[in-house]
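The structure under discussion is supplied below as structure tokens; questions concerning it will follow.
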Amino acid sequence: MSSLQAQLDLACESIQHEIGIGKVADYIPALARVPADKFGAAIVTVGGEKASFGDASESFSIQSISKVFAITAALNRYEHRIWDRVGHEPSGNAFNSIVQLEKENGIPRNPFINAGALVVTDALLKDQSITECSDQMLGLVQQLADDHTITVDNEVAQSERSTSDRNAGLAHFMRSFGRIESDISDVLDVYCRQCAIAMSCEQLARSTLYLANGGTDPIAEIPIVEEERARRINAMMMLCGHYDASGDFAHRVGLPGKSGVGGGIVVVVPDVAAVAVWSPRLNANGNSHAGTAALEALVRITKWNVL
Amino acid sequence: MSSLQAQLDLACESIQHEIGIGKVADYIPALARVPADKFGAAIVTVGGEKASFGDASESFSIQSISKVFAITAALNRYEHRIWDRVGHEPSGNAFNSIVQLEKENGIPRNPFINAGALVVTDALLKDQSITECSDQMLGLVQQLADDHTITVDNEVAQSERSTSDRNAGLAHFMRSFGRIESDISDVLDVYCRQCAIAMSCEQLARSTLYLANGGTDPIAEIPIVEEERARRINAMMMLCGHYDASGDFAHRVGLPGKSGVGGGIVVVVPDVAAVAVWSPRLNANGNSHAGTAALEALVRITKWNVL
Amino acid sequence: MSSLQAQLDLACESIQHEIGIGKVADYIPALARVPADKFGAAIVTVGGEKASFGDASESFSIQSISKVFAITAALNRYEHRIWDRVGHEPSGNAFNSIVQLEKENGIPRNPFINAGALVVTDALLKDQSITECSDQMLGLVQQLADDHTITVDNEVAQSERSTSDRNAGLAHFMRSFGRIESDISDVLDVYCRQCAIAMSCEQLARSTLYLANGGTDPIAEIPIVEEERARRINAMMMLCGHYDASGDFAHRVGLPGKSGVGGGIVVVVPDVAAVAVWSPRLNANGNSHAGTAALEALVRITKWNVL
Amino acid sequence: MSSLQAQLDLACESIQHEIGIGKVADYIPALARVPADKFGAAIVTVGGEKASFGDASESFSIQSISKVFAITAALNRYEHRIWDRVGHEPSGNAFNSIVQLEKENGIPRNPFINAGALVVTDALLKDQSITECSDQMLGLVQQLADDHTITVDNEVAQSERSTSDRNAGLAHFMRSFGRIESDISDVLDVYCRQCAIAMSCEQLARSTLYLANGGTDPIAEIPIVEEERARRINAMMMLCGHYDASGDFAHRVGLPGKSGVGGGIVVVVPDVAAVAVWSPRLNANGNSHAGTAALEALVRITKWNVL
């Protein structure tokens, strides 16, 4: 078998023609002006081996990938009780749909749709200020990535916050069912800051490695989350990690993953590695077009598909 | 034919046993503590004749009945263009449902569901302050009722405002589709003040008389709204005036009407009269149980059913 | 006031430029080949006066207008108990939607959407053969129109029957909730024959006259349905007679009416007259474009709007 | 590590107290009278090792587990083109919901909800008689299980067929969108026969082994389906194999699985083994209560969770 770096190179080179396909998220200016044809990829194995390709060290907005870290924090704080407030089933609807909430008494289907992520944020805010809560989330990500230079992109955070009517609608609606306890404005502040964390593929792969190792960071040897809970986060990523195209991702890649509208995707290869890719152009479902293609190619080469 | 007063007495007396049935709205304390067994009714004819029964001069919270006055004001300000922003079809859903908004790009079905009323409020707020807008609405009602003592019940208004998450959810959701232009907080302030206007049956019947007379107040001889628009408001009341029980009301009463969760109902008898009833206990659909029964009895006696 | 005929002429002539607008129903060949620019109108007053315009004596497929006669027959047979099986509220959905049935345990919202009409047909089929039931419906229509030459257009009936998957879907779905008792094939046979009854505007206006006269045919002096039930049928037509454009029709015409996809519309003017119009081109909601325009013009001239 | 049989014994014994919990499917008599407290489990490894527990050799109705074999046959016949007719995303709705079909033009979300399975059956019926199609399906199952004694339980098949209104509703509804080509009655006949195949846990585990071995039966050394397609069937089982509780199963078991309302569940352990369990009492989501518990225990012992 060729080296990890050779495998990554082979996968990424084979899909360079895909980079120009798709459309960059443009709902806020700060995302719209990201150079559309960036492409990066990084792997970290549980043994500590690393490989990188292209723009792997360049930071981008992690957006919904942050939901993985948020549910990790919430599981540590509330243990299984968090599942009383947010489900763990696929939603069958768009990531920002409100229909299911009306039918199901304001309980969101899972923590990876926006409604569910807002409930998780609300849970994390309890007995904390906005600043404490945001700092805690950033601190967790810095710890996981073993890199304290990671920061929030304030322009993105403010821009998201000023166009958050859809999320405000979801949050108020849920609070009318008693599902949100904090001030809605605080929830949105924290949520938008969390989404605006900027990380590189290398940092993202490193920070997700605990999920490939039963919940313990294998390099720092620090337990992050209980093994069973780590597996459940992976299950959630497998079933709901790509919005309403999670089935398609499972078909093509066959690994737990989570995408963000900034063009990033992280993937967990249980017991083996964590992978992150980034390319800003999105497919019709809001997932990185070239990023998905690269992961599909990588899994074909490495035989990492768990299914 | 017996006199108007005799007909009203006969109708009301025949349904006194219905007064104890149903449940008072209790989502805010100020409504919950209204004496549950109140019952009033009043008629004003286009010729100026009046009849009253029971607690007809006692004020109560008009709540959704205010939506009739709001759409009147909006039609005067925006003419038919208001129908570009809010539909005129029955919704087939609960008054506070959000499902239809997601399917129909954030345009509410009609001005009598909450989402539609919020859009109407937003339209009225344009280029006005909260105070100006609220004063304008109260002024219109005072003019229509020919009674400048009518006021907003501030306790009700504040109480509604502090529990308005469902409406805030609807408003933010619609704004995410670009359907609301004002500050959401302002829209909710004005909307809650409008719902908290306190009027008696006598005032309400008087204030609705223009709709029974082609849009012109027949007593003050003041044109309020164009005839065609008055008929369209009546059509709206006939089809959508009783939430998701409008068909039932049309079956039983056969007249345009609008109910409020405070237990009031106004009814338009085209070319003849306006009627208002009040009894706080509500049926399962949120409409006054005894009030509806009284109207059904009255229409049977007077043959006022237009169908 | 000018004569009835003059009023009808005036109304119809004023909208001749509308006749070319819209699209003929083409889901079956027999309907698709009807000359698109036909236009007829007829009035019969409760006093027996008649007026006709254009193609008023030409037969066409009454389609959903037949639902008015079917609910009349069902009310006579089952009285108010029929409302246990079919609701009387607007649906807020397309005439052939199945979504509401799943949410509401298979009980259709009203007898004028397809699901509701199928339940009514099922009720009428009980203890009767297909032939008896179809003959009974045709017999009722012949009696109401006082014309025994009216027949079913067998080509239309067979063509509808052979493309009735949507209705079969509704019927089987409802039977899975126990809402349909007869053989589905029988229900569809009877339903398709009923829709394929061919009548002229003159016959249709005559046959609807009982609804303008409290349930009694004023010319033949034959009671057809109890007064209260007649008013409820009118209420149903007012709220649900034009599919998901009933609000629009109430806005523009302000009278109880029922349209069919063959381009016909019947309208009840309570205590005054019945009107039928026909023009095959339909608007986006499936209602006759020129027919609606003619009714709107007629009502403006005659002041027949009841609202 | 203890032996395979010891591990299975340990897992099954640890959950014997769960066997009395839940409710046997009773929508047809033939299923209702199955002894409620049966429990069986069987494992076959890709190396040919076997283990059994309890009623592992007793036949039961495989019901929806048959959908795995049907999509295998359809993939072999139509290759990737079958995905044009049926999606591969979780539905977020009940297994027999029709709502999604109306919103998505009659294309079912995946082959494991009833609507999707009916489309697969329709595809398999093309250019074949009912008998040929049913025989083909039974033949495939016999081949996979390497056991030609497997048969259809005709009583179950006929009983299902006579109560198939819900499925008939789905099928007619889809045909109204042009998604079904065969006669609906034929589709239902074949579908009901397929669901009524009776198999034991031992047979089921053996017959699913190809999915644990990249599509090739490792014992008979016969290629059944291409490797990539096998992985996609596994992905489908992981995401949609347990109706609207697939997320819960993924959380607890973390393996691709498919349950049936007869109380059976098959599970694929990629590259390792196939497992089948059976216990007729179902949880609220329609999946075997004790069966799920046994799989959860087994996976904890064996560490077979792939996530």
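Per-chain numbering from 1; labels A, B, C and D assigned in written order.
As a convention for this text, contacts are C-beta pairs under 8 Å (C-beta built on N, C-alpha and C of every residue); 3 or more make two chains touch, one makes a residue touch a chain.
Here the structure is a predicted model, which is why all the values come from computation and not from measurement.
> For subunit A and subunit D, which third chains touch each of them?
Common neighbours, subunit A/subunit D: none found.
> Given that subunit B is a copy of subunit C, what angle of rotation, in degrees and a multiple of 5, matches their CA positions?
180
> Quick one: which chain's Cα centre is the longest way from subunit A's?
It is C.
> Do subunit A and subunit B face each other with the same patch, meaning over half of the contact numbers show up on both, or with different patches?
Copies use mostly the same positions to touch.
> Can you compute the centre-to-centre distance for subunit B and subunit C, using the mean CA position of each chain? Integer Å is fine.
Computed value for the inter-centroid distance: 32 Å.
> State, to the nearest whole Å, the distance from the C-alpha centre of subunit C to the C-alpha centre of subunit D.
48
> Quick one: subunit A and subunit C, Cα centre-to-centre, how many Å?
So the centre of subunit A lies 55 Å away from the centre of subunit C.
> Quick one: which residues in subunit C touch 2 or more of the other chains?
none
> Could you please specify the touching residues of subunit A with respect to subunit D in the complex?
Residues of subunit A touching subunit D: 87-93, 100, 109-110, 231-232, 234-236, 238-240, 244-248, 250-251, 254, 256, 268, 270, 305-307.
> What does subunit A use to touch subunit B in their complex?
Of all residues in subunit A, those touching subunit B are 97-99, 101-102, 165-166, 168-176, 184.
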